[in-house]
Amino acid sequence: MNNIELLSIKQLSVKLQKKIILSDTNLTLNFGEILGLVGPSGCGKTTLLNTIAGFNELSTGELKINNSTQTAMNILTISPSKNIPPEHRNIGMIFQDYALFPHLSVKKNIYFGIDKLPKSEQETRTADLLHLLKLTGLESRYPHQLSGGQQQRVAIARALALQPKLLLLDEPFSNIDARLRNELMLEMRQLLKQLKMSAIFVTHNKDEVFTFADKIAVMHQGRILQTGSPASVCQSPSSWQVADFLQLGSWIPVKAKGNEYQTAIGSFSSTNSAIVDTNNEANNKNSQTLQFLLKPQAIEYCEDEKVNVTVDNIAVTEQGFRYLLSSIERDSSLAFKQLSFYSEMLLALGQKIAIKIKPHPYQIYQ
Amino acid sequence: MPQITKIRKKILLTFTSLCLISSSLVQANEEVNVYSYRQAFLVKPLFDKFTENTGIKVNVIFAKTGMAERLEREGKHSPADVLLTTDISRLIELQDRNLLQANDAEVLLDVIPSQYRAKDNTWFALTTRVRNIYSAKRLGTLDINYEDLADSKYKGRICTRSGKHAYNIALVSSMIAEHGSAETLVWLEKFKANLARKPQGNDRGQVQAIHQNLCDISLGNSYYFGRMLSDEKQKVWAEAVNINFPNQSNRGAHVNISGMGMAKFSPNTGNAKQLMAFLISKEAQQLYAETNVEYPVRADVMPSELVASWGKFKADDLPLETIAKYRKEALKLIDQAKFDL
Amino acid sequence: MLLASLSSSSDLFSHLWQTVLPDYITNTLILGVLVVCLTLIFGTFSAAFIVHTNIVGKRFLRWLLLLPMAMPGYLVAYLYTDVFDYAGPVQRALRYWFNWQSPNDYWFFDIRTLPGAAVILAFVLFPYVYMLARTAFEQQDQNLLRAGRLLGLSSKQSFLKVALPLARPAIAVAASLVLMETLADFATVNYFAVNTLTTAIYDTWLGYGDLAAANALASILMLLIFFVVVAEQRARAGQGHQSNRPNKNIEVIKLSFIQQCFIGAFCWILVFAGFLAPFILLIIMAFEYSDLNQLIALLPPSINSIEVSFYAATIATFLALLFGLYRRLSQDKWRMLPLSLAGFGYAIPGTVLAMVLLATFGPLDHMLNEVADYLRLDSPGLLLSGTIFAVVFAFVVRFAAIANGTISSGIEQIPRSVDLAPASLGAGLGKMLIKIHIPILKPSILVAWLLVFVESMKELPAVLLLRPFNFETLSIQIYQLISDEMLEQGALGAILIVLLGLLPIVWLNKERK
């Protein structure tokens, strides 16, 4: 069922208590895709999730959910004039705190949504889910008797019992031990893929998105700035905010001079560079200092050249050392700090070295 | 937690000091303490007069229930001097529990007829009242007996207050004295079958029910009639009924008393005696009979004009002690007949 | 008390058993069940509507629904009897319109019956359920309701299957309070001539003069309550849960116009029947019958009422806090005991409590006096049983359960980690309690204090028996007039008692905002 639209959001805006939380939001999701919704706190991710789930009403725009079965076409269209309550959207959701019913056992929690099905069907589905999520043996426990990971799996089982078309996950890994998180993410991704489940998950952790998502959407101040595969977004972030949030590289100031861009560590030709324009109102580019996105892999160490940076900080990583560098030139408008540079060489703190920028498609932001 | 402790200390201090103050008030001199079954406002004019005459302050607590129990618990430290009751059985109860002491004052013995005081001079009647039968005006004056309440011709036409009210218990006791337990039980059962509604309210409420045409006949003490006549709203009720003195052609109407006694451990015996003497004085009897619309126990004090207007009547001369004796038996029969249910 | 009941005279007991006791017990059970059911319906639904719907006038109804709490049951019983009785304006008007002549011409409900008493009691007791249920609903984790929605439930089903079960502990506490109030009530059922176990206790004690049998009956009553409480506690064992996240946005169901009308009417009828109507009747009475002198005469009893209620509320709240925190923080295996024991006081009818206290304080007073005699001091008199100490003590015993219930549920809402955090910051136990627990519990403490205060203002039988000389309270005055069917004379006093009862409710409402 790939490449068939499951969810499409057009021109959506949402107001809560007379405050605009989301505006001009467009998004599509195909069957079987996992979409990661990232952005800083307060950017509207959770509101978007709640709106898809049906807890918030739309102010403008349209939301379509493809609820077709193998035999019948059925597209739910939700607009400001026509709301569809959450229970009729066929969407499952995992809440940040899992929202397990504390007064019900694991089994009863899972039964909760499917209690209208025949008893035998209930039992097989529950047994399958318990097995799938490695919860067998915990059926009669109460939520407060389970670990965080187990609680999460119960929440997933409960949502999956209804066999929803789409699963929404609100910060699913934020309550999980950091050491287990990676493993759990991979496990969960595998599970979703195995079930051919479509999912949207919200996070403010960029590592989670890259591990977990097929597609990411970066949000900022109530808008979606960019959507695409993690690779394409990483390669060409559409705005300063996207690049900054995803920490794709370091920012250093550049100045345009003729057909060259000057930096504190050398200049490069403007023919091979693209200016990514985020602020539409700013047209007089030349008079401004621009920001250049310098990815670590585009930095080259030079032995013989004149030194231009100082080592400020050293960190040990899996693949060698990570250095934070600052320009020796301190007073000019091109001075910078905290430039990330990875190397297998051991440098000393305060050591002055020379680096230069490798030729590549340069990305300059306003 | 210094803050809390301070507040707590303060509260405790005020609290204990208040307790001390209120207890020391009780200890002050030239006063007399009255435990009353009778409502305070009915006796207050009398006490005011007493204070005016003697300068002795009267402290009253009123309670309809549990007074004897309280007295008993307080024992020899009880502050009570004089007890006022509205019913013979209360007096006998106090006497039986040995909570009273004799008062041999001549003033009392001289004027109170012997059937209206205890043989051992522990209690004395102040006023008498009749358990009357009220009837709807249209029935005319009835020559009726208590026994007739069981007559099926009154089916669904009788109202009364709870069978377990002291006044009704005393009446049932007098029936037992007259007819014996078995017959009284039958009477109670038939009486119950005649009731227009479950026993409820007080004696006034029954007269009101007659006024509303809910029933024709009700039991009620004599003084309620007078008190209703003097109440603006209740006057119409009273005007809808006749007051009948039952059993005039045989043993006479059942009579109960309101009375007094001196507490066994009275701390102010002198004042208590003064108060009791005052209550039996002509002046007080007049006032008391007047405010309560009852028959004064002194033969030489005339009942109020209103009470006198109801005419003379024959009273059952059954000794009050006998009535008190059958009290428990009466209560059991009332339970047995499920009179109130 | 139990000891005394063992030696009970079996004679009287078997007599009672053969005659009226089965009826009394049946009546008691029916009354209890009816009142609890009605208060649950009234209280839970009104709370649900206030929290979860967009009903018009919600802001006012939110606190208006608390007002009936200020109405003493016996007062409402009296006023409604006045209105709905055969002679009352309602039946008079009906007779006039339809030209009926006698009671045989038509049927009209009789208010002086067991169902009548149940309805009246429910009207004045439902705010307990309302208040606790409302708090529970407001504090629930809204995500649980949302999860219910996504699992296929409509908002109504989600409320019924998620919110309601989650609020069950709070509602159960409220229901047990209501049940105890009902079982201990004497004035209302007595006025309605409904015979219950309490009636039997009164009869045996004061009529038959048999304290032992009365004790035995009281023990039956307590046993009944004990089973209810235990059953309730067992039913919710093993369900420790609490949402610690404050709720900003509570999901609100948008109602259609018709729904608005029905639900609005439901809430307004409750407010009207439980408070406005009786209050208006009182005001009318006061206008017709009262003057300034009466008002002045009311001052001393009001001060007395406020004084004893203040002490009782303060002490009961303090003790509840102490016991509650002890239970929470102590490792002692008997730590539950004080709270559980204190709970029973609520179910003891005031008169029985008074008699137990007299039995306890009487001998103590005697000992005190003997000690004083021995030391050649002035005899202190009845220091305990003859002063307001006894009254305050009785109130504290009787209403401790209310304070305990409120404060315990407050304490349960404090996350366990909070007990440990202060120690990690170097704060001792005292500092922790003063800086952390008590401020967190402030709303619960206030509620507990106010509830005990209002209850004490209304309490009647215990104060009737235990009060010292010349110590009149408002409730005593009103009861005396009611029992003589002369409430008109005391209308002002009744209004005062209601208004005093209102003050804390209004204040509480402000405080919350």
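When the chains are written out, they are named A, B and C in that same order, and each has its own residue count from 1.
Here is the rule we go by: a residue touches a chain if its C-beta (ideal position, glycine included) is under 8 Å from a C-beta of that chain, and two chains touch if they have at least 3 such contacts.
Predicted, not measured: the structure shown is a model, and the values here were computed from it.
**Q** Based on mean C-alpha positions, I'd like to know which chain lies farthest from chain C.
**A** Between chain C and the rest, the longest centre separation is with A.
**Q** Per the definition at the top, count C-beta pairs in contact and tell me whether A-C or B-C has more.
**A** More contacting C-beta pairs are found at B-C.
**Q** Work out per-chain C-alpha centres and flag the one nearest the whole-protein C-alpha centre.
**A** C
**Q** Where the CA atoms of chain A average out and where those of chain B average out, how many Å apart are those spots?
**A** From the centre of chain A to the centre of chain B is 88 Å.
**Q** Could you put a whole-Å number on the gap between the CA centroids of chain A and chain C?
**A** 55
**Q** What is the distance in Å between the mean C-alpha positions of chain B and chain C?
**A** Comparing mean C-alpha positions, chain C is 33 Å from chain B.
**Q** Over in the complex, which chain C residues touch chain B? Could you list them?
**A** Against chain B, the touching part of chain C is residues 15-16, 19-20, 23, 86-87, 101-103, 110, 112-113, 192-193, 195, 202-203, 205-209, 211, 307, 311, 314-315, 318, 351, 354-355, 358-359, 361-362, 365-366, 369, 379-383, 385-389, 392, 430, 433-434, 438, 464-465, 467-471, 480, 483-485, 488.
**Q** Can you list the residues on chain A that touch chain C in the complex?
**A** Result: residues 16, 50, 53-55, 85-87, 89, 91-93, 95-97, 99-103, 112-113, 116, 142-144, 158-159, 162, 164 of chain A touch chain C.
**Q** With touch defined as at the start, can you tell me which chain B residues reach chain C in the complex?
**A** 1, 3-4, 8, 11, 15, 18-20, 22-23, 25-27, 33, 39-40, 59-66, 68-70, 73-79, 93, 162, 164, 169, 197-202, 204-205, 208-209, 211-214, 233, 328, 331-332, 335-336, 338, 340-341
**Q** With touch defined as at the start, can you tell me which chain C residues reach chain A in the complex?
**A** 141, 143-144, 146-155, 158, 161-162, 165-166, 168, 238-241, 245, 249, 251
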